[in-house]
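Presented sequentially are two complexes of chain A, the first with chain B as partner and the second with chain C.
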Partner chain A sequence: MKILSILTTLLLVGSLTAQSLQGDVLIKNGTVITITDGIKENTDVLIKNGKIKSIGEGLSAGDQVKVIDADGMYVMPGIIDAHSHAGIDVVNEPTAPITAEVFVGDVINPYAVSLYRALAGGVTVSHAMHGSANAIGGQCETMKHHFGEEDPEAFKMQGAPRTIKFALGENPMRVHGEGNGIQPKSRMGIEQVFRKGFSEALEYQKAWKKYSSGGANVAPAYDLRKQALVDILNGDIIIHCHSYRADEILMLMNVLEDYGVNKICFQHVNEGFKVAPELAAFGAHASVFADWWAYKFEVYYSTAYNAAILTRNNVITSINSDSGELIRHLYHEAGKTQKYGDLTDNEALKLITLHPAIQLGIEDRVGSLEVGKDGDVAVFKNHPLSIYAVPQYTIVDGLVRFDINEDPADMRMDLNPDETIPAFHEIDAHDHHRCMEGAFESLFSHH
Partner chain B sequence: MLRTIIIIGLALAFGLGSVSMQGQRIVKSKNGSFLLKNGTLVTVSNGTFVSDLLVEDGKIAAIGESLAAPEGTTVVDCRDQFVYPGFIDSGTQLGLREVGSVSLTSDHSEIGDFIPHMEALTAVNPNGVAIPVTRVNGITSAITKPSGGTFPGTAALINLHGYTPDQMFAGYKAVIMNFPSTGKRGWRDRRSEEDIKKDAEKAIKKLDETWSKIKLYTKIDSATMALNKSRDDYNPAMDAMLEVARGNRHLMVEVNKKSDIESAIKWITENKLNAILTGVKEGFRVADQIAAAGIPVIVGPVMDIPARESDRYDIAYANAGKMQKAGVKVALRTDSYENVRNLPYEAGFAATYGMGVDEALRAITLSPAEMFGVADQLGSLDVGKHANLFVSDGDPFETKTDILHLFIGGWKVPLESRHTLLYDEFLERDPIGQK
Partner chain C sequence: MIKKILALGFLICLVTLMPAQSDVPDVTSTYAITNANVVVKPGQMLEGATIIIRDGLIENVGKNLQIPFDAEVIAADSLFVYAGFVAALSHAGLPKADDKKGGNSNSNVKKHDPPNDVAGITPEQSIRDLLKPSDGSISALRKEGFSIAHVVPNGRMMSGKGSLIILSGNTVEDMVLAENMSLYGSLLPSKTRVYPATSIAVMSKWRELYKQAELATDHEKKYKSAPSGMKRPSFDSSIKALYSVTNKSIPVFFHAPKTLDISRSMALQNELGFNMVLTDVKQGFKLKDKIKSKNIPMVISLGLPKKAKEDKKKKVKDEEADTEMKQLMERAKQAKLAYVSQAALLEDANVAFSMSIKDVKTSDIRANLRRMIEAGLSEDAALASLTTSPAKLLGISAMAGTIERGKMANLIVTDTTYFKEKANIKYVFVDGKKYKQEVKKKKDKKEGDKDAVIDLSGTWSLSIDAQGMQISGTMEIEKTDDGYTGTMTTDMDDEEETFDSIEVDGSSVTLKMTSDVNGSSAPVVISAVVEGDEFEGSVDIANGMMTAEVSGSKVSNP
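And then the complex of A and B:
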């Protein structure tokens, strides 16, 4: 009896938590940048139960509903970062060239202030990725920035497709070839890691099919690593692949073609501009930095015009952060594509809204302001692509998670009673990327 | 014999071929007289107004309405366009680093803790690929500095145009010093608070010992000079400190944490040094003290995360403005080597988060020029100054704005870089081709 009541309480708490992650809010009189349906002046956006209920003039909601006066402000879809490591405790499982069996979703840190700082930059959704130590890394997590919640589950975007991290080039070569003395030590070796992995996954799948159809008496040993690769082959997981050079990008497309896989977003992809027509023909997506280059040899022949060239070749392109610093001003990073390649306002804003949504397979839910979509909104003073833009409110599923007027400096949730003033960190902005974190404990990391 | 002739023939053909290719592709800098007509001059020193500006003999020769163009002058129509003094980045590793992770391409750091005689200028590569990449955003000068231990070397102000380091040198050097820190070195620093404190105390003790030696050495040097004698010892590190000890050369003191800034101010004041504080991440916490000490600061990067978990998300954006408002003289830096081009955006963020556009603009033009004692040459649009300037189609802090023309020392420098060349080559790739 007692157990039953505890269970009932747990269920109740569970459902309450679920309910509390969706709110109501009415944003009045803003300049609404819908992304998919133009710009609407003096327009209201009404969010009910976490979803956009209506977009129009003179909307009203009940007395209970919070109203934001966005007069003179810009209202845009919540910004989406397709490559982040914010809010996770561990980035790499660098123990083998393939570690498809590990999950970033297992290491979410709800107390990470970096998630609040991302909200303060208008970012509502981020793709928390495994690092780039392995040719096939772990499975990633698409997160909603419900900073303030203590349950890691609250951050997982329910219904978002599964994604997995792949990595080409110097990082897996350094970790495994140079570091451990095993393949891959070269881009030749990396190709064969994929071919071997996929081929073994096919054998594994065949063995299970044989068993299921009565052709074998004993089931094959369950292998989560191989099963994850089978799921990729079946199109159930979107690949997000750390990559830089044109040759390695072409290599992976050739491998995927041979195994009938087509869901791929290349990450960083600094030389994507060289093979933009091939990327477009394959249907591959690209998630790039606005202007990062020269930090390692494989990004020496880069151009800040990458996003523009990819866009002009009809490659679905986004701009990501891969950094706890950059994630706070992705709107500014998107603006750089107007300096480097003259993208229009809407093209530039798509790079941080609709396009990353497409790359994560969540474009039916987020990425634009449309009735029926999730109530994820960023409100800016000044146009978001202007250097003078300042995020004012960030709303996730109808809940105001950042309000510049009610922003206490100290947003820590896990206060250490022995540490009244937290430690000062001598670290510079160029060291906030975490792609190789954990791969070499003592080595300076490179994206 | 025949074979030799064929080889020579081939070599000639190949050589000639590449010359003609280069002839088409390479756009060289152009020297001469240029008359910028009817631009809106943002002088920084004397307000903003529409006027002509004449560049002659590497200098700003005249500013005024309806200036006549001397013979041979190239006239540049700047109607509806803006003329700015070239931007100055007050802390970079430009020219010293080529590819970040490839250590043999990096010259910013030497072995040793007391090596102020290591000259950044020596290692500046005038053909570093990042230099033209930087220029396209209107940056014409930069401090390039060594890094490493307590005294890692001597920084230099360079103009971003020239074939040799000496041609690039802009007349200012400073000795770099990293003040002993009581902060954590990085997220992986697992030392206890107590150990960090001990390490810092040890470092300060060592610093004081070093400094008393420098003072003694300086006294000996002065005494020797007074006797019209020359010293025959070889002590380049000590020699590099002489002008600093005499207050004739700046010591650029990298210091970031509040309590360290306080210690540094005390140390600088006690030793009567001519110093600039750099980094200064927690300057906002002790802005009044810095102002009272009359020590200028170089701040950046502006786009940085707070150094403490408990600090407001935008504190690094606001830091420069808070110090400037407290009366501190402020210049900005990117602290970068490959993306120094982002200096105007760093200034833009500082402007947005409290500093205001005018002061942020000053912090990357006239303020650093004054700080470095080169305000007679750089930092504003004034007659007689070096023609380091650019023409834009709008506010250069905005990412939408393009830089249209750029001059360094009167040379009209093409706005071409690896990034623009790759764009030109690959935007419409030919042949597109099939697999």
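And then the complex of A and C:
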């Protein structure tokens, strides 16, 4: 029974950490980068019950509250990644051109070590997205990085608006047109997938309205896919669309205008600089890479000045990772806009804090250090935009989820009992680009 | 030689099987098991008690009972009697899942809109249409002491309905105790990468079908009362098969081996509200408090991770390993242990559980139970997980699970307590029918001595015991520069056959030949240990098709 008691103790330790998801912490004497209210030297940030209670000098919080000495360090809002695939077990349901009913929040994987690596890069919130295999992919999840918890629910950012993945161009054409011989086979076909989907959704909504108002004695056939499209048309879901070419970006804005939809953030949007005024006029947002393109034909033409040009044209712009590697140094990615486009420090930091928060509809909760907002904080040695920046502490809802002084080598939480050699995973599939995960296998298995 | 051995072997097998079948009627259906240690239920034993069985039921249990005049008496002095086991989840008696069914080879299947059966959605499937009463898995389970199994179809997302099957009988009608009393479900995507190809699509499909079934129930009800002017309800057998789930008259037995499967299926259950049993659980130790607080019954898997192999060569390496490697290896060890300790930890937390035998080889059942017991599970709790707990879960406590008057005569008679390694089952009663089991005398297999030096050359006389049939023969072995060559002749046909290879490793020898078996060639392998002039081992014919014991001695040196 000795073995049993040891195990029980081990498991108890695990369950002890699974308490409330709101903590208290006092960060003392840091250089506080608020994003919305300038920079405050030698300032404290007090987080109580997961929320920022006060920002000021000489704050105290009682003996029970953990204190972080941030003397000589930089304190900024937790970094937000508007495009990631970390921490979910499935990225693509690549079988149909529209799969609006599926939801990656159903398959959160609390054991994904990539989430801890993101924390080690100061990232507290990420937007876990469905892939780009389908013209209308699945619904996405806005996640709080509560790595260490075992309940997937702990990672869902409660109250965050629903979001959904759309995709233009080569990916859906290849998977469905080439792969399965169905629409869309061309860029024109993708437009028709949207229009047909939205039109059928309108019919569906009409039929249900008629039924619920007593105009029909039998309920219409229930269809979760059409229902999700109805929710988009009603403005209940924000669209995040995988896109590269300017012509297609304009096409989708035209489609959305026809159907009265205005909540859209273009993802990648490598030719966004060509249509920046049009994006701004529509109110569309843009989430881009700092300096990454030419990995396929439709994204041959781009520029590292994309983020700066979009910013100068008043498009709400963010810089994202779409990768388990880039997510560890988004602060560095943001810094590149100072070389390519001379953005100010605050403009550059907004690209990875307030702007992605706006794009996800959570700017009232996160993205800046303000009293009343969530206690999501990243503490850096050296300025976060400096090449010498090193994250020290990452705090989510007042809980320290990363501490560089307590950073064990083995952060795995769930081991395969049949794994004979405790292998070092040189390449974690979750760390690389997952936009088309699951789609290629499907394509090849057909031929 | 081989042809004849096989022919005879089959005959022997048939003869031993036949009395169990109904061709030869039993003389009586009344039995008295006398003077036994009767384990009435977990934790309660009657010593020196008698059980009277009549017409399939336990007529009485107790001491000093009058033995009925028509009873066959089984003197069970020093033997133990347990209630027949109830498998809470099993695929017994079903054909193996056909992986090729409904694949992409059928070009008519649209990936985005496949028919339900290809998609893995067949809640309408019933065990009655699938069960094969003569399937070997049924008798194999009975031999381990099981008398009732909750059998569910093979499949993916919704494979079909489960039924309670009595593991005795010649026809499906004989065997069904309760029909369509559960739905077996999972988050497994389609096998052929059609929609739902991933678990996210499976989750939304569950939601959609559930809602559709609720709406269809409503439609049918309205149509029944006032059909005039109303569109008739469409007939969809999958949707119809879900009514009993949405109206909560039957539970969903949800396949949820890992923590993530448990979290996800519990989230789905919480959302839709169906009655659920978590099944095939392997990692319940992580979420036991959550499961307990939600009061969701659990069927844990008897399948365990492979036992860590002790490897001498590797041990040396362990000593050389650096600290990091040692830590990793320790974690791997603990990970394995956690799975084996699942049952013990659940018992410790007062969570009741039953056993699924779906993911375990029947021959591993007892060994795995012992591993769980070694990891801290009490024998009483192990027994409960195979008797009273599944009986309660499956709603058959009034008829099975304990040895009490009026219950079905499902019994196991063993020569010592069931969980002991050397325990032998002597009788199994299922539904009052007696199955006697020949206790195989297991010869202790001789271990070869790696350092011994032997001389195999010479003439050997052999005696082969092929399941009771005695064959004698001779071997002529010659020593050559490369090793040995030789021939064998038996009194089955007096034909001399040549060995393809003869390998010697210390005192262990392996002799191989290829022989004609019913028109095709098959390997025959003799593995034996030689000590001086004595030879002892076994013969394997056609890769395990038949085995025999062999012994012999050297009659002359070359």
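Following the convention adopted for this analysis, the second predicted complex is superposed on the first by the 407 of 447 C-alpha atoms of A that agree within 3 Å, B and C clash if a C-alpha of one lies under 4 Å from a C-alpha of the other, contacts with A are read in each partner's own complex, and residues count from 1 in each chain.
We adopt the following convention: a contact is a pair of C-beta atoms (placed from the backbone, for glycine too) under 8 Å apart; a residue touches a chain by one contact, two chains touch by 3 or more.
What you are looking at is a predicted structure, and each value in this text was computed from that prediction instead of being measured.
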In the overlay, answer first, second, both or neither for which of chain B and chain C A:K156 touches. neither
Can A:A409 be said to touch chain B (first), chain C (second), both, or neither? both
Just to be sure I read the superposition right, which of the two partners does A:P417 touch: chain B = first, chain C = second, or both, or neither? second
Once the shared chain is lined up, is A:K51 touching chain B (first), chain C (second), both, or neither of them? neither
Looking at A:D106, would you say it contacts chain B, chain C, both, or neither? Reply first, second, both or neither. second
By the touch definition at the top of the document, which applies to A:Y116: first (chain B), second (chain C), both, or neither? first
Which parts of chain A are in contact with chain B and also with chain C? 409-410, 412, 421-422, 441-442, 446
Chain A partner contacts - residues on chain C that touch it in the complex: 104, 110-113, 193-201, 203-204, 207-208, 211-212, 215, 218-219, 222, 229-231, 259-260, 263-264, 267, 285-287, 289-290, 305-306, 308, 324-325, 327-329, 331-332, 334-339, 341, 344-345, 348, 375-376
What does chain A use to touch chain C in their complex? 1, 3-4, 7-8, 10-11, 14-15, 89-90, 92-97, 99, 101-104, 106-107, 109, 111, 130, 138, 150-153, 176, 180, 182, 217-219, 221-224, 409-410, 412, 414-422, 438, 441-442, 445-446
Could you list, by residue number, the parts of chain B that touch chain A in their complex? 98-102, 129-130, 137, 181-188, 193, 256-258, 282, 301, 303-305, 307-316, 335-339, 341-342, 345, 348-349, 351-353, 395, 397-402, 418-420, 422-423, 426-427, 429, 432-433, 435
Contact residues on chain A for chain B in the complex? 113-114, 116-117, 120-121, 170, 273-274, 276-278, 291-297, 300-305, 308-309, 312, 324-325, 328-329, 332, 335-336, 338-341, 385-390, 407, 409-412, 421-432, 441-442, 446
